[in-house]
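Below is one structure, written out as structure tokens; the observations come after it.
In this document, chain identifiers A, B, C, D and E correspond to the written order of the chains, with residue numbering beginning at 1 in each.
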């Protein structure tokens, strides 16, 4: 299998004034192409920092981040990043938001029809001309997913994308995400707080320690999709990961 | 003092920015004539005659050195208003003393036609004389009103083709920017009354003694100018900060005299009525108006 | 319903203006000063200046158009300079800290205080442009900087992950996101610039312009025309302001705040 | 840490001012115009005017104090009239709709346009007060109205259920709740009022005041002193503004927004 | 028993523009002194309007509202009203907020010590000098309660006071409220959305119909305090009231 993302003893610290905060101490990790990997870890441990290094928004202080063998560069690699925060352009309609990624990546094809196709895929047909403030939080996330998918990304990076949503919307979107992933077979890095979500979605689950983050454990979830949340193996995976996390949180 | 508390014996005197016509005032101060007569003075400076007269009417000044036309039009306007401080002429300050200067190529009055000519403000004596002159000759120009200090400057930049102004502005342009005198005010209107010394009618009623003293000071100062041209010139140079060359040229255009000339004021008033500058006096009232305007008791 | 409120508003407005003019007329009558004309005289002066023109023959519409033209130029320059500079300063905090010590004292120097320098260094139309520019420049600049600084970093990161270069980010993220603030800066700047017209025109030079009209008739002690000029300036300023407000409302439908 | 940032900020400020003065000096040298003095000449003029005084013998501090005194009076009157009126207008929507058609056009008439009327109708100190008042009045009024209108109705109802009468509600609920807006109105108003000082002093009359200093030396074509006056106005305006900002920050500790 | 509040065929409608909205159609009700009465009803039915009429903030369009035999007048009656919204003065500290009611009612006593006493009573001792923005939502409610109680009110009117709070804080405050009520024996009108809360607190529960509101039923809860939420009679009261409400909501 080809390695999509590789982290070689990556460390990251921030300077803020005189202080230096070490956020990531030493992470080595490799993600094969087409995998769905979830990353869980205590709050503030450095998950977002990790994701930002993977797509080239941040540079590691030590070690190396490689995407297909080279340092990540959004101008060459095609990333589909879904941020935890609302990242829609409020002055653009749903359609124009989805077209934004296509236009920036200089996709010469018919951006309009591609955008409409992905809007339909996330179930927002009919909402093309709505502005972000006119649609709900769950619908906004779908638009962000459509925008990221529309550019045909090599790697999809998602940072707690469903954290703000109510339980029901969350579960619907999780199922839809799995559908999209199995259809297009992309590499997905999915960051979450929520263990249930991680076990429901991930082939591999990377558990991080508290800050400065390193890899506490990597759990391979050997369950068929779609997974039943109340099945005993599901619950036992959950318990196992929860235990790892608990150790980290009490250690705080 | 920050708010200028007004002491009873202090007289407030208005004058215009950088106006050599008011040399008598500077001489009187320089020679200590005011102290000699026990007068404490406070000077207030204004950009041009109309602005000074507006402040005068509202009671901000007791005396003022100002062009006759602005004083006339202010008096005409406020005549019916009991609250206004009306100007009363107690002496002449000077005759003539203005000039039209132009750039090369404008050598006859007819060549003014269509040119851009600066004035020191609408309603000033220079503005009025220019208007009268142009009307008589049937010439039209674009008038550019601006402050007196700006006139030579704009001329030097070429924004205006010439201007009419009080001395020393025309002489500055002549010496510094190669302007030449097209017409002096003597050519426009020989021996015309220019600036006058006015007192507020309310002040005159209350303080005849002070007015008497002030007129005395003024007469002495004008005599001093006549008798000591060299030291008067020095005083003028000190006050304006200009070179001897400019001041000599400027002074040669000004006639200092304390005796007012009612006839030329009547002519001005007739013309101002014709120009629409004065709207509250008719031609047949002009004589009576000017006679009431001038009070020669103190000269 | 909304209709009724509108009609009511207009009626109330007319009523209060009537009362205002009535009181003004009463004061004018009772003072009976030649320097405080009543509204009727002002109306007459308005008719006279609008049709036959002023003492130099220029009518009120031509004075107004001249002033509007000058303000439009000065304001245009202010926009063209302040918006790019504001975007630049908003993006680079180092530029901001370098320029603040220079800009801050300058922005408290009133436009009229620039008149002497402007007389010496500039002439003609450029002087009007400069004086209006200096009035309109700072509100636009400060609002643009504020707007740019308020750009959400997530939106910028989002564009970066699509491989956008910095000029794309500036033009497609930063600028549109700052646009509401820029527009309100433009509105304030236009108001200030318009209010500078009297200062700009008082230097003189040209016989035309609303500011000149006021000064000309102040010198002639004909206060009725002075008031005509003041009212014209006030109303044109008001109309310009509401004009931009309307554009803002149209343009920023996507902003929930503007709708409310 | 904060210390370091502060020191860095000051150093950067000094650096950029140095560069600014250096460029200015270069331009002055290369143009070599008698009307564009360099910073060194301005500094000399500053020393001369500060110690020996201007041609009439008044020093820069006395000019500044005179101007500050006038602005303080005009600004004080503006506060005393605009705040109560603003509270009243904010409380009564009928008063608001009645007065808007009168106030709106008037607020777009620039203070300088009031000069002719003010010369004729007022004299001495009152004229300064009036011209500064008219500049400072509207920002204070509009901010006060906005602040009063934003008073939470629950707070008013709460006070009513305790039996508070309307004067108690106004003084203990509406006023304190509108105070942050009133203060920022005062700050803007003080800025505008301060900027009116040149307009107010340009009419002439008294020989003292920063505006007068500028105009006096503009007439003498001594631009170095003109620039001294401009810088003095700019810096005093800046200091006044930061003064009120500091008061605001102290006063409104309870506001989360101000802290951020 | 003395009647504290009496409503005689009270009706209320609002004019908004040309339209007239009838909010309360015809309510007749009488509350004895010292009673704890809960009012429940569908959202938007007119509960707040009712409460505002009881304390004289609104006048009824028809019928009469009487407090101790006279129309309510906050200048004569002493009300302790707790609004659903945050009604603390943000520019005053906790102590000064509690003193506010005392000062307005022209209480000549030592307002400072009275205020401190009630702050202690609601468990906020030590927070006297905090500003509202420095304390949590639940603490703010306690301050509002202390302020209302401090003026020694004849009648306490509470409008969904605990609606915004999380379940735990809510239950704590409910218990505390019952404690305060049983100690001082005031008349309490308590408006709520929450049927569980109503059954836990009220002696009488008035169920309103949908808008325009009238009284659908009055339920007398004959359970001892403190009530056990999981006891069968509690649950049966709950079910009964829920049924009334369900009828109203489905009728919408």
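Everything that follows uses one rule, which is that a contact is a pair of C-beta atoms (placed from the backbone, for glycine too) under 8 Å apart; a residue touches a chain by one contact, two chains touch by 3 or more.
Predicted, not measured: the structure shown is a model, and the values here were computed from it.
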Shared chain contacts [chain B and chain D, defined touch]: C
Report back the single chain whose CA centre is most distant from the CA centre of chain D. A
Which chains are joined by the largest number of contacting C-beta pairs? C-D
Please identify which chain has its centre, taken as the mean of its CA atoms, farthest from the centre of chain E. B
For chain A versus chain E, what separation do you get between their C-alpha means, in angstrom? 47
Distance between chain B and chain C based on Cα centroids, please, to the nearest Å. 38
Counting only Cα atoms for the centres, state how far chain B is from chain E in Å. 83
Got the chain E residues that touch at least 2 other chains? none
Note: chain D residues in touch with at least two other chains are 116, 119-121, 202, 215, 218, 221
Residues of chain B engaged with two or more neighbouring chains: 51, 54, 57, 147, 153
Chain C contacts chain D in the complex at 9, 12-17, 20, 35-36, 94, 97-102, 104-110, 112-117, 119-121, 191, 194-199, 202, 211, 214-215, 217-218, 221, 223, 226-227, 229-231, 233-238, 241
What residues on chain D touch chain E, complex-wise? 152, 154-155, 157-165, 168, 172-173, 176-177, 179, 252-256
Which part of chain D faces chain B closely enough to touch in the complex? 65-66, 69, 116, 119-125, 202-208, 215-216, 218-221
Taking the touch rule as given, give the residues of chain A at its contact with chain C in the complex, in rising order. 52, 55-57, 73-76, 78-81, 83, 85-87, 89-92, 100-101, 104-105, 131-133, 151, 157
Where on chain B is chain D touching in the complex? 2-4, 17-18, 43-47, 51-52, 54-55, 57-60, 147-149, 153, 241
